[in-house]
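Chain nomenclature is as follows: A, B and C, assigned in order of appearance, with residue numbering initiated at 1 for each chain independently.
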């Protein structure tokens, strides 16, 4: 593990750890969003999807462990690098007029903190069923865990939906800077491809933002019905 | 006194090799016992410090900048000459030697210049190995460009930043030795005096520019690589902090100052815009490769340049010097520009400027090629003047750029004070009365990498002196003298900042001892300089105290030295009753206004000995013997 | 023009500093920013006060001495120039201009607007060189260097070591400076033998000096007087990864 220590000790290495874990996490976020969008296909589709994941416990737990490790690594390196960065400028400027630094790039750490809080809430809501235990216990006609019902009932409460929608803003910003940043951190920068690379962050983050936001909004607008009639 | 340059005997091309074989050596184990002080970290100083450290000497290097990388060598734009003959255009060591000695109007030593041309080829090898990114052809081999005063293409370059790249090469070599502990670096430290023990230079007194602390440093030898004194003119292309203090104070301790009147005026600088100006910006001589210099034929023609038809333009360099054209040497081109401006044909505000026009080049090569070659210079010009040189011709005017004079050294680069070595622009040795373009970088690096490291060992091996103790009376006296000097400056109870006097001195020199000089103008200057000096010591104001960072104090000391040194410069100009190279005496010119040398009476180096305050310095002479070339009249027609 | 200048004054490294306001008249558009400060200093000295200390030398944008943060931008408004190349024609009559020193822990203020940038020298000493002794170099044309490699090396080598990259970065990171040097030497065949050792040592020294980390904001590139590309930072990242994980 000397290479890990070496990486963790240098600012460049920390960026590698940050980037690698960030890549895993944002990959998950994208896959997760597409999984969630199956809710538009009706209860059968999304409940079947959830059931199929449960039937592969090895894969599921492996993924969970990888995600947890990536999350911890991401947080750990973020805390460390932020410490170092803040220590590097003890006296702030009276006047600082950044020319190209985006709002997203400036707020990575605070945005990250909000997201971490949101993730805890999100897990408590949908994974552990702590916030709405009554929604969590439902089963559909085929005896499967009724994810569809859980989501729709949850998002019907305006406050719950609002918290999800608000949390998507830091996620948008975080991915906007983060996704394009992987490439730079991993050493992929070439004038020929830079336009694509630099556009990728905004594009991916916007897709995730719109996809995720659409679900609570659709629920509130009554576009995703429950109970499903006419079946 | 007749000075001896200790030029070795033998055929020209064998002198250096034979001499090297006869130089005494210091064995590797003993080298670490010798301590060398190197003052200045430009091309000469950095290359010398690095090379001496590589050899095993203990080196202390000093610079007044915050980092050795900031020395003014960094600003050299155009290139560095070397007799590689990569272009197969007939270049050779002999030709580089001959161009250089002729370019210097036969006022330098044959043997020195030949050696310079010989080692020029090693410099390129060394720099490439260090990672200097010289321009290359598509095939991957090194590219060359032409430069003033030569008919072959022998100039190596790294865009318009050759000096920067060469200095960073030498600086990186130095960094390596600092990291290895072979060099102890003293940045932000200014040398204020030289310590001479029993006739040998054995140390320096410095001021730490951050704390103000005065320190004594003892060594076995002192190397001065402190550059030129062009800023005596106040406005020059030199960096604003470049100064004469180190060499002038060595002069006051007994080192002879040679040919101070040989100053170079560079033809292609951006003209002065106003009183506020702190320095002049050079536009690289390489621009003259593609730019054409012209003025209107008609006096006082105030039409904008694009409205002046071709037949009403006077491409005066091409007209006067058809074989070299726009690439005539600097002194010649500068005087020609002055002449047309004196005739009332100058352009721009005040009529002090000539056009440097790229419209032909843009037509011939396309704007992209011109941008690739000179883009950074064009941008620089536009930023300063707010004019676009891609559209309107540049306006240029000559400005002080380089000083060929400097402390006198023999063939070993040692001054008349044993143990004091002087290298680079700070010495007088290789450029005679005029330096050719791309030769300063060559000389600085030749001295530092390939000459001094050999010759300094000979001094150590032969002199066998022990290093003095910095507590010796000589050191204490020098320190006290330095402290008194600082107190004296701080005690002036006037009102004006020192720049006021510096600017006044500069204008006086430019008008009376600049591009052309006469007995009358020089006598006038010699009368006026003491008056300015006297007013300086009465009316100047040096704020702050001796401790801590005090830029006012730093400047005051330098200006005080310029005010004394200027007199020496004018005196030398007055005594040299001939015209040669950059030294143009109006009384001595040919019918068509070219410099007229007097080889009978002035084929020598004038080296001045300090004899005390208010005493006239003594003029010594080192005759120049030309065994291998004929003293011809320089012609670039 | 008449300008109001708010300038950071600080007696020495250990004293607290603060802004002092000066009014400067008779500013002409052809003056450089530093010449305007010279003129201000002359007035200050005439009043018997100590002039504003700031660094400059070549005044043509190549030595890297000047180091002002002007209205919150290192080297002031406009791309690709050092403080000394900024001309007053970019300001308007009546403007208020704030002038601060570069701020970073590894760049302590020594006085007024002068900071200590010797950290850069120490990074260079850690590996910013090719280890060749004078005299041992092979003939210069022995190794051809592809023109595009040389051009790119030159793009990186153009760095003037002013430290604006550090000053502009929200993290006070020195990555652009280090990357420029690592890339300059790493792109040339002469620099290959020490390529990975160099990047390891220079990054270690950079971290030891207390510079922050790069978070890819690219502010450094925007203020760099030589417009050095952040592409070189990507290169450094690549070389560093290889140096840490693959090289012995």
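One rule holds in what follows: contacts are C-beta pairs under 8 Å (C-beta built on N, C-alpha and C of every residue); 3 or more make two chains touch, one makes a residue touch a chain.
The shown structure was predicted, so the numbers you read here are calculated from the model rather than taken from an experiment.
> Pick the chain whose C-alpha centre of mass, unweighted, sits closest to the average of all protein C-alpha coordinates shown.
C
> Is the C-beta contact count larger for B-C or for A-C?
Of the two interfaces, B-C and A-C, more C-beta pairs touch across B-C.
> Can you work out the whole-Å distance between the CA centroids of chain A and chain B?
Centre-to-centre distance between chain A and chain B: 64 Å.
> How far is the middle of chain B from the middle of chain C, if each middle is the mean of its Cα atoms, in Å?
Whole-Å distance between the two chain centres: 27.
> With chain centres taken as the means of their Cα atoms, state the distance from chain A to chain C in Å.
Whole-Å distance between the two chain centres: 38.
> Two or more other chains in contact with one residue: find those residues in chain A.
none
> Which chain C residues sit where two or more other chains touch them?
none
> For the complex, give me every residue of chain C touching chain B.
Going through chain C, the ones touching chain B are 11-12, 28-32, 34-36, 38-39, 41-42, 45-46, 48-51, 53, 55-65, 80-81, 85, 87, 89, 110-111, 114, 116-118, 120-121, 124-126, 128-141, 144-147, 150, 153-154, 157-158, 160-161, 184-185, 188, 190-191.
> Please output the residues of chain A touching chain C within their complex, sorted ascending.
3, 6-7, 9-16, 81, 84-102, 105-106, 108, 177, 180-181, 183-191
> What residues of chain C sit close enough to touch chain A in their complex?
The touching residues are 6, 8, 19, 69, 71-73, 98, 100, 103-106, 168, 170-173, 175, 203-204, 206-207, 210-219, 221-223, 230-231, 233-241, 244-245.
> So in the complex, the part of chain B that touches chain C is made up of which residues?
For chain B paired with chain C, touching residues are 47, 50-51, 54, 65-72, 74-75, 84, 86, 122, 124-131, 133-142, 158-159, 161, 164-165, 168, 171-173, 175-176, 178-179, 185, 187, 210, 239-241, 273-274, 276-279, 281-282, 379-380, 383-384, 386, 449-450, 453, 495-497, 499-500, 541, 543-544, 548-552.
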